[in-house]
Amino acid sequence: MMSGMKHYKETADYINKMYNRQSQLDESLADQMRESEKIADATSQWRLMWRKFKRNRIAVVGGIVVLLFYLVALFGDFIAPYTLEQRMTRYSYLPPQRVYFFAGGRFQPHVYALETGRDPITLQRTYVPNPDKRIPIRFFVEGAPYKLFGLIPARRHLFGVEEGIISLFGTDGQGRDMFSRIIKGSQISLTIGLVGVALSLLIGAVLGVASGYYGGWVDNVVQRLIEIVRSFPPIPLWMALTAALPQHWSPLLIYFTITVILSLIGWTWLARQLRGKVLALREEDFIMAARLAGASDRWIIFKHLIPATFSHIIVISTLSMPSMILAESSLSFLGLGLRPPLTSWGVLLQQAQNTQVLLLYPWLMLPGVFVALSILAFNFMGDGLRDAADPYTV
Amino acid sequence: MALSCNPTLLIADEPTTALDVTIQAQIIELLMSLQQKYNMAILMITHNLGVIAEMADEVAVMYLGRIVESGTVKQVLDNPLHPYTIGLMRSVPRMGAPDQKRLTPILGSVPDPLAKVEGCAFHLRCPVYKQKGCSGKDVPPLVEVEPGHFVRCLLYH
Amino acid sequence: MRKKALLLLLVVVIVMSGIGINAAPKYKEAPELAKLARAGQLPPVEERLPKEPLVVEPVESIGKYGGTWRRAFTGINDFHAFGRQVYDTILRWPRDPKDPIKPGLAKEWYWSDDGKVLTLRLREGLKWSDGHPFTTADITFWWYDIELDTNITPAPHPEWVIDGKPMELEVVDDYTIKLKFPKPNGLAETVGLAFHGNQWPLGFERFGFFAPRHYLEQYHPRYNPKATYELFEEKAIDYNTERPVMTAWKITEWGPGATRLVAKRNPYYWKVDPAGNQLPYIDEIVLTLFEEVEALNLRAIEGGIDFQFRRMSLSNYPSFMMNKDRYGYEVLLWPDAVPSKLCYYFNQSIEDKGLREIFQNPKFRQAMSLAINRDEINEVSYLGLGTPRAFVVVPDSPYYDPNQEQLYAQYNPELANKLLDEIGLKRGRDGYRTRPDGSRLEIIVEGMEWDRATTDEMELVVAAWNEVGVRTSMRTSSRELYWTRACGNEIQVSTWVESRAIDPMVDPIWVFPYDERSWMAPAFGNWYASGGKFGEEPPKYIKEMMDLYDRYKTTVDRDEQIKIAKELLRRNAEGCFVIGTVGLVPNVVVVKNDFRNVPETFTTDWIYMAPGTLDPCHFYFDR
Amino acid sequence: MCVACCIIDDHEKGETRMTGDNTILEVKNLTKHFPIYRGFLRRIVGNVQALNDVSFSVAKNETLGIVGESGCGKTTLIRVMMRAYEPTSGEMLFNQNGEMINIYSLNKRELKELRRHMQIIFQDPLSSLNPRKTVLEIIGEPLLIHGVARGQELKSRVSELLDMVGLSVKHLERYPNAFSGGQRQRIAIARALALQPQIVLCDEPVSALDVSIQAQIVNLLQDLQKELGLTYLFISHDLSVVEHISNRVAVMYLGSFVELAPSAELYRNPKHPYTEALLSATPIIDPDARRKRIILPGELPDPSNPPSGCKFHTRCNYAEEVCRTTVPAWEEVSPGHWTSCHLAKTLSLRGVLK
Amino acid sequence: MLSYIVKRVLGMIPAILIISFITFVVIQLPPGDFVTSVQAQVAASGGGMDAATVEALRARYGLDQPMIVQYWRWIRGFPKGDFGFSLEWNAPVWDVIAERMGWTLLLSGLALVFMWVVSIPIGIYSARNQYSLGDNLFSFLGFLGLSIPDFMLALIWLVFGTLVLGIPAYGLFSPEMVDAPWSMAKFLDLLKHLWAPVVIMGVIGTAELIRIMRGSMLEVLNQQYITTARAKGLPERTVINKYAVRMAINPLISVLGMQVPKMISSSIIVGLVLSIPTIGPVFLRSLISQDMYLAGSILLFTSVLLLISNLLADLALAWVDPRIRYE
C-alpha cells in the first residue's frame, strides 16, 4: 500500500509513462473515454424548452387553463346547454342556480324548479327555488340544433334539463343563459387575439427580420415607421380607427377589420424584438459559418434566422395575447368595437355596464372574470415560455 | 478600489484572464509592486500556469472543488506529482521549446460540477486509474510527500 | 299602471291668464333681489315686472324663495337638460294637451277671418334680463336679420313659408305685430309659436321667434361692418353667458371644457304666483357634467339630484327604489308620450324592388306586427311598466281613437303565418320563407345603441320574425352613421325611439312620408319635402296622405284640423306604417322629498318641452 | 473569369513568397478601412484603419501563425480574406489548379465555388454552431448548399467526417448543447472539412477551450493536416500555441504586419521591438526562469487615428526620431525573416531563452 | 447635453408633422362629417334640418374643401398655439382641452408615481427574499392587477365605493366644492376623489415594474462590485441603497417611456367610467361627433406627450447612468 515517501518521484515517472502510452492508445479507447463525458440526451431545442417549461408550475397551470379555454371555445356549441338564440324570457335576470349532486343518497345532479315573480316595490324579478320539485340534469341531451365547428349539424348538448332551466352563471335580461353566452363569447374573444397576433406576427416578423438582417436603408425605413406608429398612444389610436369603421359592414367583416386594426399597432413591438434578436444572431458565428459555406440570404433567413427566432415568436405571441384580449374588450366596452349580435366578452361586458347590473345582477360581470382569467393564464404561460425559451441555458 | 482599506490580504480572482499579454504583464508588475509597498499577501486565482510560474511562491492545484496538489511553485511545477498536474503540464505548449513535437492531452473533459463523481475526482480521466482502485467511495486524503508538498492521490499512499 | 289612469292623472287645472290680474297691489320678490333693489342696483320689482305678469297657478302650493336645484347632464349636446326647464315662448302649450294653446309672452292673439293674418299682442313692459324692454322689434330682428339672412339661416323654417312665400311682418306698435300669409297657416300657433317660439334661433335646435336685438345688433354685419357672421353666431348661441334672455334663469357659468353649467335667476322674469311673488323661487340651477350616463344615474341614486327625469334609466328603477329612503327622495313614474318605446319602419321606398313590393304590402306589415309578443317585451325590457299597443297616438292626444289601440298588436303567430302564406312568401326547406319568385328573403333590422332595454327589445323582435319564417338579422351602429344611412334610404328596416304621440301633426314624420326622416319611405318623404324636386314619386296611397296634410297645413280651423288628422292617423294605423311594440313606457322621475310643486304624474312629450309646461320656475324647496 | 495575375514580380512587390508552384495563397497589400460616419448628413469623418497594407503568402501544407493582441486586426484579416467584408484595396490570390485567382474579382457564384477550398474554424464553438440544428444538419449544411450530397449519402459523408475528428457516429442526431467545448470544436472542424478545403483559416480555435482540452484540438489539427495535406492560417493571441503549431509566424500590430519569420527564428531572434515585448510579456511555465519583463507603456493607440511614422513608436523603448516621422519599410532582414523596423539591423533584441 | 436636447427637440418637428398628417387622415376616415352628426343629434331630439342648412353649415366649417386644404387650415396655426376650432363646442380647441389636459397629466403622473412608489420597494424586497412567501404573494397580486381590465375595476369601484362605502367614486370634486376657491378643504376633497382612479390606473403596470425591478435587482446583487462593497464591510443598507438600487433602477427608467402611453390610455377609459374630466370623454365624444380638429388635436397632443416622455426618459437614463453617451 505504501510506496514510501522516497518513492514519489518514481510514481511521478510512472504517471508520465502512462501519459506517453496514452498518446499512442488507439482511437477506440479515446472514444470510450469521450463516451464517459457528460453527454446530454439527444435533446432538441423544443424538448429542452418543454422540459424547462414543465418545471415552472404556475406556467404549466397557465398553459392548461389556456388550453382548456380554447378547447371549450372549440366545442363551445356542444358544451353550452343553450344556443345564442335561445331566450327564456320567463327567467330574465335569474341568479346563478345552485346545482345539487345527490338526491336520496344517489348521485343525481339536479336543480330545483323555480317559482317566478316580481317584487311589488322594486319591480325586481324574484325566483324562489322549490325544493320539492327537482329537475334532474341530464347528460348528452337533445337540445336546440347547432352546427359543431360551424359545419356538422347536431342536437346533442353536453348537459341540459328537459323542463325548467339550467343556468350555472345566471341569465341576462332576455333570459339568455350566461354560461352559454360566455362560452360563445370566448370563441370571438379568444380568436380575435389569435388572428390579431397572427397578423401582427406576419407584419412584424417580415419587417423585423428584414430590418435586422439587411440593415441599411431597409432598417432605416422600418425603424422610422415603427417610431411613428409607436408615437401614437394605442387606445386613442384604436379608438380613432375603430370609430372609422363603417358600422353597416357585416359582423364578420367588422370582426376582421378590428383584428387588423389591433395588429396594425401590435406589430411594432414584435418587429423590434425580432430585429434585436436578428441583429444579435447576424453577428453569431454560425451565421457567418453558413455564409462562408456559400449559403444564400434566403437560405440563411429561412434555415437559420427564422427557426432561431421561432421560440421568441411564440413567446412574444403568447405575451401579446393579453393585450389583444384586453384591447378588444376595452374597445367593445367603449362601444367602439364589436356590437351585438356578435357576442364577445367585451360585448357582454358592455351590456353589463350598468350600475344596476353591479348592484342587482352582479353575475353579468362574469365575462370580466374570464377576461381576467385568460389574461392571467396567458401571462403565466408566456412568462414560463420566456424563461424556457433561452436555448443557451440548460 | 480594492486597496482603499489597506488590506493585508488581496484576493485576485483571475485578474489577468481575458487580457492581452502586454496588459497582463502590466497587471502582474502592478500587483507585485503593490505587494511590496503594502506588505500584503496575494491570493491569486488563475488558470494560467505561466502567470503562476512568474508570480507565485506557493501553488495549490484544484480539480473539481478539491485541492489535489499543493506546495511551493518550484515543487509543483518542476516536480508535479498528481496525475492531473502532470497532465496539465504536459498538455500546455511551452514557448521556446520547439522540440516538443506533440502535446499530451488529458482525455475527456471536465465533468459537470453537479454530477457526483465517487472516489478520486480525476479517476475518469486518469491514465493510470485502472491499475488502482481509485473509484472507491472515499476521497483520497491529502498526503505530504515531501515537506510542504502535498498530493491527493492513492498512488502516493 | 295602465294608461287609462293617465286620464285621471291630469287633475291639475292650469289657469293661465294675463287678463284680469292687473289688480295685484304689490309684488314680492326674492330676498337677494330685494336687497339689490333697496341698494338701488336694481329697479323696484314693480318696474321690472310687466304690466300684466303671467300668473302661474301652482301645482301644489305657493312656494318659498331660495335653494339650488341640482341636476346632471351629459355635455354640450345635452342642451335640453337645461333648455326644457326654461320653456318661455310667445304662446304656450297647455299643461293638459286637450286644452287649447295658452298665452305666453303674447297675452292675446287672433286670426283674421280669412285665416291669412295673425295678430299678436305682447305683454306690455316685458324686459330682457338686462332690463332692456322686449318689443316687436326683437321679433322683426329675428325674422329679417336672422331667419331671412341666408348667411345665418340658409332657409327659413317651413311653418313660416306657405307655397314658397315667406310670411310678412307688419309692426303695429311696440306690442302689436301682424303675421301675414298668402294662405291660412295651420301650423303657426302650434309649431311656430308654442313649439318653436322661443329665444334661441341659433345653436343646436335653431328654434326661435325672437332675439335680443339691442344686444345682437352690434355683432350683425348688417349693422356693424366690422362684425362677422362667425362672431354673430358665437354671440347669438344658446350658451353665451352675456346674451340677455327672457327665461327664468340665465346661464352664468359655462365655457369650453367646463364640467358644470350654472344658471342664475333672471331679475326681470315676467311670471308671478297668485300671491304676487315674482318667480322663479329657486335661486339657481346647477347642472353637473357626467361623461357617462351610468355615473349620472348613480349620482341620482345616491340623492345628488333634486328633480330630474331626463337620462334616468328605467332599468335602474329597482336601484332607485332600494335607495330612495336612505337618501331621501321619491321615485315617480311619469308616462312618456311615446306610441311605442321602439318602433319599426319597413322602408317602402327601398331600392330593392322585390323587397319594396313586399314591404308595400299592408298584409306583410300587419303580419310582422302580429308576430311580435309585446307582453314578453314589456316584461323583459320595461319591467312590465309599459303598455303593449299598436303604434298610435296616446290617449291624451286630441286625435286618439281607442279602436286603434290594439290594431294588429295582439300576439298571433298563426294569423301572421297565414297572412305571409297568403301573399306568396312560401316557406323553404330550412323553414325560412322565400320571396314570391323563389329567391332568398332576408331582411336586416338596423338600429342605434340607445340602451340595454331597447337592444334587448330589438333582439326579441328579430327573434320573433325569424320564428314566423322571415329570416331577419340585426345590426346596430352609432347614431350619427345610422341616421345618415336611414335618411339616405339605405336601410331596409329602421328603428327609432319615436315620440310626438300627443300631437304628431306638429312634425308628422311618422304619420306619412313627410321628409327623409320618415323612414317608412325616405325617398317618398324627400319627394314631398322638396316639392317633387328630389326623391321618388310615391304611389297613390301615399300621395293621398300627403294631400290630406296639405289641407291640414292650410286651415286654421281647429275642428277641421282634428278631422283631417284623425283620418291620416287612421290610414297610418290600419296600414301598419309603423310597427310599435310597447308604448307609454314611464319615465323614472327622481324628486327630493323637499322639492315641491312636482305633480304625482304628468305625461311627458318632448314636443311639449316637458317639464316646461309645468313651469319649473315655480318649483321650490320646502326647507 | 479572372486569370488575373500569372506574372508577379516578387521582388519589387517586396513580399514574402515561397516558390511559385507551392504557393496556395497570396495576399497583396490588403487594406481595410471602416469609415466613421457622423452627424445628420452622415458624412465620413474618418477611418478606422483595421487592416493596413498587409502582404504575405502561404505555401501548401504549411501552417502560418499570426499573433497579435486584441484589436490588432486579426479578425478583420480573416473576415476580409473570407470576403465577409470587401477590402478597401489589395488583392488575394488563390491557387486553383495552378492558376492564381483574385477572389475579390469573383462574382457570387464563382465565389461560392471557390469557398469550397477555403474554410474557417471559429474561436467560440458555442456560437459557431447553431444550437437548433443537429450535428448532422450542421456538418451537412455546406454539403447541402453545394449540392454535394443529400439524404443517405449525406448521412454517410457526415459520419465519415465525424469519425475523422474523433466523434462517434452515435452523435449524429444530437444538438450542440449536448457536447462539451472540445467536442463542439471537433464538430466545427468537421464542418470546415466537409467540402474538402485546401486551406483552413483557424481563428483562435483553442482560445476558448479549457487548458486540458486545448491539447486535444491542437493534436487533432496537426493530425488532420498531415492526413489531408491541409494548409492552415492559424490566428491566435497565445504565442506558445502559435509557436507550437506554426511553421512560420507573423506578428501584427495596429492592422499591419510588423514581423514575419519561421517560428524558431522569430521566437529566438526577434527583429522588431514589439515582438520582443510580446515574447517577454508572455509568462513561461518555469519558476526558475523569472525574467525581467518589458512593460509596454500606455495602451493601444486609437486605430482611427494611428500614430505617424512607425505605428509602434509611441510605446517603443528604442524609438528614435526617424521612427516618429518615417514609415518603416517591410524588408527581408535575413532570408525568410521580414520586418518593418528602422532599427532592425542595429538592435539586438531578446528572444525566448532556451 | 444641451445640444443633444436641442437636437432631439428639433428632431421632433418632422415627427409631429408626420403624426399630425396621419392623425388627420385617421380622423377623416369615417364616412360623413361633423354636420352629419349635428343633423343626427338634432334629429335624435326630434328636430330636423333641411338640405340647404346642411350645405351652408358645411361651407361655414370648410368641410366642403379638399382634405389637404382642411389639413393646412389646421396645421398652419400650430406655431401660434392655435389648434383649430372645435365645431361642437364652438370654441378654440385649446380652450376646450387645456384644463382637461392638465387633469390627464396629473392623473397619469400620479399613477406613474404610484406605480414606482409601490413597485420599487416590493421589487427590492422580492429580490432580496427571492421565492419567499412575500415574493410569491406580491407577484401574484401584481399579476392579478395586471389581468383585471381597468374599466372593470373602475366600474366596480364606481358602484361599490359610492353605494356600499359611501365614498365619492366619481368626478374630481364633490359638487359643492367644484366652484369653491382653492382651499385646504378643497384640496383634501380633491385627494379624496383622486386616489382611487390613480390606484386603478396604477395597478395594471405595477406587476411589470415589480418584475423588472426584481430581475434587475437580482442581476445587480450578483455583480462583483456589490460583493466588493460588502467585502469592504459596508453596512448592508448602504450596499443596497447606494449601490444596488441606483444601478438596478436603470431598466425601470427605460420603460418609463413605454408606461406613459399606457397611462394616457388608461386615463381615458378610467376618466370615462368615473366621470373625471380627463381628455378621454371629450375625445370619445369628438370621435363620435366627428369634431375633427378637436379629435385630431387630442390624438396629436397625446402623441406629442409620448415623444416628450420618451425624451425625458432618455435624459433621465443618461443622468442616472453615466455610461450612456449622447451621440
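Should a chain be cited, it is by its letter among A, B, C, D and E, assigned in written order, with residues numbered from 1 in that chain.
Criterion: contacts are C-beta pairs under 8 Å (C-beta built on N, C-alpha and C of every residue); 3 or more make two chains touch, one makes a residue touch a chain.
These numbers come from a predicted model, not from an experiment.
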Selected interface, A-C versus B-D, where C-beta contact pairs are more numerous: B-D
Chain occupying the most central position, where position means C-alpha average: E
Chain of greatest Cα-centre distance to chain C: B
Whole-Å separation of chain centres (CA-atom averages), chain C against chain E: 41
Whole-Å gap between the CA centroids of chain A and chain B: 53
Mean-CA-position distance for chain D and chain C (Å): 92
In chain B, residues with contacts to at least two other chains: 87, 90, 102, 104-105, 107, 109
Multi-chain contact sites of chain A, meaning residues that touch two or more partners: 30, 34, 37-38, 243, 246, 353, 355, 359
Junction residues of chain E, two or more chains touched: 30-31, 155, 158-159, 163, 272, 288
Complex contact set, residues of chain A against chain D: 27, 30-31, 34-35, 37-45, 48, 284-286, 288-295, 299, 303-304, 307-308, 391-392, 394
Complex contact set, residues of chain A against chain C: 85, 87, 89, 92, 118-119, 121-124, 173-175, 243, 246-248, 251, 335, 339-341, 351, 353-356, 359-360
Interface residues, chain A side, partner chain E - complex: 227-228, 230-237, 239-241, 243-246, 322, 326, 329-330, 333-334, 336, 349, 353, 355, 358-359, 365, 368, 371-373, 375-376, 379-380
Chain D residues touching chain A - in the complex, by the definition given at the top: 82, 84, 111-112, 115-116, 119-120, 122-124, 126-132, 134, 138, 141-142, 145-146, 166-168, 171, 173-175, 177-180, 183, 188, 191, 194-195
Residues of chain D defined as touching chain B within the complex: 69-70, 180-183, 210-216, 218-219, 222, 237, 239-241, 243-245, 263-264, 267-268, 277-290, 293-296, 299, 351-354
